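Please go over the structures that come below.
Look for chain A in each of the two complexes below; its partner is chain B in the first and chain C in the second.
Showing the complex of A and B:
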């Protein structure tokens, strides 16, 4: 076993290499813009240079003179599109600000023209020759900008139903022996997946094929159909591989339908490859947030009062918010809790999901505040969390389905060497370097959504699994193949998986870390249908057939043990009894508590996520603990992070190799969020300044320290048939606070605003 | 790295060309005019197609392209070799890395015309007879990717990193692999992969 492929513990699958590994190392993996098109025309976007106001006039003469220009589309001649509601309001769109609709400008970098030409080079040149006259108004950029409006999220955002509260916070806080009040701030961030936000559209008669990296092919298919006013069955979205998502490709962006409409208009396939800087404004981002935390505790560290107030920036048109108080008010046992989330409207593009959308900003605040409280109490921060560990959701009183938070703390502390930490800040150093140790809790809700799947089994064991899931780097192909192999008892190498195509049976959005639980539960159910048919053929008794479901669990060992305790199913004998060469089954799975309209919504590209705190009688979260060492140069104030250690428990680990990679990537994302990433805003112009990969800092290999990922065995039979909790968004949640807590330990300086850069260190 | 004269077929010396064309905005045109003076004089309109022969993965490929076409777009849009990826088109991310005369080069910042007469190796040119290159195998073994989009560039860069002698230590590998961004952050696994493949590659 290499470090990359840790051996499985109890309730873990095999660490087999990725299903798509060979395709990815040979360049054969085809991403959206790799798809061949017949005689394509190339599109290039022109985006707004102002954030608020209107377009007075275009001067296109110069652009039209460029050889090879086919068409220039502006609001004056654009095909009309129908509106789409926001994803979180039951629609498909990541923003309701639609391009080329009118002369009005709602945000900087809004799409205002599309140039179509014979070559990429000509389209780019012509786009640069488009002259635009604007009447500009003064935009409101962000918090504290004149002209913004602020209102409670409750009542204006359908995704935010209520501010969690319990007990009497004011009274309890007033009477608390130890109090803490602290404010925190997180910046705008952009996903920046490596694959650009490309779109290719090709019509064949009335049928449209869209090649676009998407985390939700059914959503995109239905959304584009809605905007074009055509039957969704006429639209197919294809993307067998997606070059990273992180939330940026979960909802429909304004570019797709307009490119489809223009392709129809010019009667040519169109390929759009937007630039990296255009990606900053034509998709979504993580909004900047502010927080105030109030904690009241007894002298022995027991929380008696907790209040979390958060504010988030959104666009004028859309009340998007992440509202992480749903998690921070439930993480620790506390009898008196209050919270409030507000939305600040500015002249910006609409924000959206970015890896652990609510948890990253909101847990940064809470987990930093707990560390501050531990200092006030002169208590080890791990022990403070142990004292306040919860077995039930303090808001609704429901028990956690499983909760290994403190086991994670203990495992990670041991691996990290937490006992070597001297408790006082500024007490550890190595030559010119001040050393700090810090830790924080991490968590992520366990979510599931309805999913369908089709499985075909051949007599010789060859198996084909079809599901419109998404391979965004998570290992989806791999764990789905493993699930089918184990459930059917066929060798893994005989399983072929087809995903990323909206002509396949619907799967939910690859978001909210629900994919593994949802898609594998569906595949498992359909494999059981096949087993039942085969069993019936050889043992024509209902009770035996029903037994298939009971006895074939996903076993910790490979497929040979499936059906243990039962006679193994002899596939060839069963096929002969049935007298067929192929058995195929289709099925639709939905999690407990899914609403009545779940399956209809699933086919219409609308997600019905359940789980987390919204389960009927229980609450389901995955947990972890993250420990970091920081080193700060006492002269240059350079901050290095040589060690990141995380221990995580997330129910069944389907594949320790792919799970470890996701958690490792998550820890590095967390480090990046704490120390590097921020989209800088020019507040005069409400414009992103560092809209490229050199100025928007993301880690490179030299930035990345030793990373240790520990996965704990955890069995949870209350969440979904495969027993898995999503972990793709678990790794990057606690790291922000852990690093700031370590910086405090190293320097005695509490930094409450991310990211922390060397200029923020005062020694 | 030593410059290697690139005058196999086109008859111009790359070193002389670089010296002569320094500071000129018309580098590619000058290159073509110098090398193939039998054909039309340098085009005035850059969008008029120019003829270029690129040697890609050991095969000569004749193209008629816009003079501003980069090696990356020539590979992807004209030769249908889509393994090399566009991640920024600005030389900031490394996803487009290819080998040109065994040196790692950002193909998005290299004009196709400037690569005439040189040997371009892309990710598609590494595996032979169903045998993966040791670096490809090492990337699989060490799970050195997730979404896979940066992977072709990482692998091309990693091979050059080893051949340059920059894979002697983990710290060296980290430093010399820092021109290739992996947003999924598979970095520790990439380091492990380079370490695994290095001895085999050096053995040749």
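Showing the complex of A and C:
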């Protein structure tokens, strides 16, 4: 075992190498834009240079003169598309702002023309020669900009159902022995996956194939069909690999349907490769947020009152909202809780999911505030969390299915060397560097959604698993193959998994960290159907069939035990008894509590996520604790983070290697979110300024010399058949607060606005 | 050496005399700017065939000669340069990424253009550098990375490089080859502060190429200190190239150049004057830092660079003074 492939503890799978590892590092993995097209034309986008106003006139003469130009599409000649509703309103779209529909401009970088040419270079050249005359109006950029409107999220966004409250916050806060009131701010951020926001659309008669990196092939298929006004069965979305999603490919963006319609019009397959900077405005982003936290506590550290007020910026047209108070009001035991989330509307593109949508900004506020309270109480911040650890959801009183928060704190503290920390701020240094230690909690709801799967077993053990899941880099192929191999008792190398194709049985969006639990539960169930058929063949009597049901039926127990049953299945004997060459089963799995329309919605590309705090009698979250060391140069004030240590518990760990990789990436991103990443907005014109990877900073290797991931053994029999909690979005929550807490420890300076840059440090 | 190369250069010069023709060496800036539609050359002249004659890395007894087509990584890895000119080796090593340093040449490096976002985004009409007389979007825009020294009412774009600070600190000469032959000038005269003509960035005439750089003497007591948002692959928020000649505890000669804070490679001569003839102490280092930024002028987001720059100069001086030669 190595650091990269940790030895499995209890209730963990084997750390088998990633199925697609060699293909990816040698460039053989085919991403959407690598798919060969027959005689394609190339599209290049023209995007608006203003954020608000209208287009008066296009001058296309120069552009049309570029050799190889086939067509230039603007709102004046664009194919008409049907509208799509926002995903949260029963639609598929991440924004309802539809480009090329009219002369109106709703945000910076809106698609205003599509140039189609014989080559990418010709299309780009012509796009650069398109001249646009605008009538610009003064846009509202962000918080505090003139012209924004603010209103409570509840009531305007079906995504945001409730401002959690319990007890009497005002009274308890008034009477509290120790009080804290503090405001926090997080910036606009963009996902910037390596794979650009490309799409390729090819028609074969009335049938459309879309090659596009998507986290939800069924959503995209149904959404594009809706916009084109065609039968969804005529649309197929294919993407065996996705070059990073992070939420940016979860909902349909406006680019796809328009490219499909233009491809039909010019009667050629079209390949669109937008630029990196266009990716900042033609998709979604994490909105900037503001928070006010009020904490009241007794002198011995017991929380008596907690209020979290959050505000998020959205577009004029769409009330997108992450509303993380559903998590922050439930993390700690507190009898009097109040919360309120508001949406501020500005002339911006609609924000969207970005890993981990609610928790990253909202826990920054809460976990910073906890640290501030610990300082006020002169208490170790780990102990403050221990005192307020909860076994029940404080809002609804439901028990946690499992909760290893303090075990994570203890494991991580030990590995980090927290006991070496001198409690006073400004008390540790090493040469030119001031040293600070900080910590914070992380948590993420355990979510699941209905999923289908088809499994085919050959007599010699070869197995084919088909499921329209998504390999967004998490290791989905690998853990699904492991699940099938284990459940059927066949060697892993005999299992082939097919995903990323909407012609396969439907799987949910690869979002909300639900994929592993959902797809593996479906695969487990279908493998059991196969086992049942085989067992019935070799155990024909009624009593034995009942026995078979009992031992191989879907069970909440972890797959290792339930999968094996009480006797080995002799596959060849069973095939002979059945007299067939192949056994194939299809099945549809849904989690407990899934709504009545779940399976219909699944086929229609609409997600029905359940879990988290919305379970009927329980509440399910994964937990972790993160510890960081920051170093601040006393001369230059540069902030560096030499050590990140995280301990996490997330039910069954399907594959410690791929899980570690997810959590490690999360820790790095969490650090980045605190110290580097911010999309700068020019407030005069509501435009993004640093829209490229040279200026939108993400960490390089030199920034992360030490990252340690510890996975705790945890068993949870209440969540799903696999027993797994989603962990993809667990790693990057809380890190931002841990960093600021460490900066306080190093400098005595509390920084409440991200990202922290050297000019924010005053020594 | 340059004379031998002129045969090859002649063909190049013919194209280069056309205003819109551009030489291509490593291509690490030109290709980017062409993709962004900022630079629209009608012809590109590949000058890499000159590399055989123009990529000398020649430290000698009385000085150093560097060919303009030497690659950044090769120069940074040269042990004699690391020993006798650490400020040069470090300025190269701390620039860009390993991949870029393998491609980029010294001549191209000093000619790299500003990273001003408004310059690099052609959807902004108002950029005096791109469209003379159109105004400056950065002046009241997002200008955290912009210059506080050498600015004008027309332009505050930062000169982004690192190596140039080492050259200007060491009084390098730049050798320029054109149709009329070869001429030399102080490197300090190569770049033009924006003034009222930010579109004119250097003293190079159409058709001229930088062929080499030369430096007199050795500067073993020299450092390049670079401050930036991340640990690698990032432009300087503030940097200092320092070279000292210390004899028996007295500073006989001192050089202070600044990066990341000025519109051109910047030599802080008034600050240097404070050092000459003095014995080093921390108070002196701080006074030098103050003097180096005496004329600095900040804007909305970049004023921090003034205080930062002073500390960077002071710290770099301390590091140079403490070096064991």
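In this text, the second predicted complex is superposed on the first by the 738 of 763 C-alpha atoms of A that agree within 3 Å, B and C clash if a C-alpha of one lies under 4 Å from a C-alpha of the other, contacts with A are read in each partner's own complex, and residues count from 1 in each chain.
Just so it is clear, contacts are C-beta pairs under 8 Å (C-beta built on N, C-alpha and C of every residue); 3 or more make two chains touch, one makes a residue touch a chain.
Because the structure is predicted, anything quoted here is derived from the model rather than measured.
Engineer: Name the contact category of A:702: first (chain B only), second (chain C only), both, or neither.
Structural biologist: both
Engineer: Determine, for the superposed model, which of the two partners chain B and chain C contacts more residues of chain A.
Structural biologist: B
Engineer: For A:195 in the superposed arrangement: first (chain B), second (chain C), both or neither?
Structural biologist: A:195 sits against chain B, while chain C stays out of touch.
Engineer: Would you sort A:664 into first (chain B), second (chain C), both or neither based on which partner it touches?
Structural biologist: The first partner, chain B, only.
Engineer: Per the contact definition in the header, classify A:694: touching chain B only (first), chain C only (second), both, or neither.
Structural biologist: both
Engineer: In the overlaid three-chain picture, which partner chain does A:640 touch, first (chain B) or second (chain C), both, or neither?
Structural biologist: second
Engineer: For A:27, using the defined touch cut-off, is the partner it touches chain B, chain C, both, or neither? Pick first, second, both or neither.
Structural biologist: first
Engineer: Considering only the touch criterion stated at the top, classify A:185 as touching first (chain B), second (chain C), both, or neither.
Structural biologist: In the superposition, A:185 touches no partner, neither chain B nor chain C.
Engineer: Can you pull the chain A residues that chain B and chain C both touch?
Structural biologist: The answer is residues 275, 694, 699-703 of chain A.
Engineer: State the interface residues of chain C toward chain A in the complex, per the touch definition above.
Structural biologist: Those residues of chain C that touch chain A are 35, 37, 97, 115, 117-118, 121-124, 137, 140-142, 144-145, 225, 227-234, 237-238, 304, 308, 311-312, 314-315.
Engineer: Using the touch definition from the top, list the residues of chain A that touch chain C in their complex.
Structural biologist: 49, 124, 128, 275, 277, 635-638, 640, 675-676, 680-682, 684, 689-690, 694-695, 697, 699-703, 757-759
Engineer: If you look only at chain A, which of its residues touch chain B in the complex?
Structural biologist: 2-5, 17-18, 20-31, 33-34, 36, 66-68, 119-122, 125, 192-196, 241-246, 273, 275-276, 471-475, 657-658, 660-662, 664-665, 668-669, 672, 692-694, 698-704, 706-707
Engineer: So in the complex, which bits of chain B are touching chain A?
Structural biologist: 45-48, 66, 68-69, 73, 76-77, 80-90, 92-93, 95, 122-124, 126-127, 132, 136-137, 139-152, 155, 173-175, 177-192
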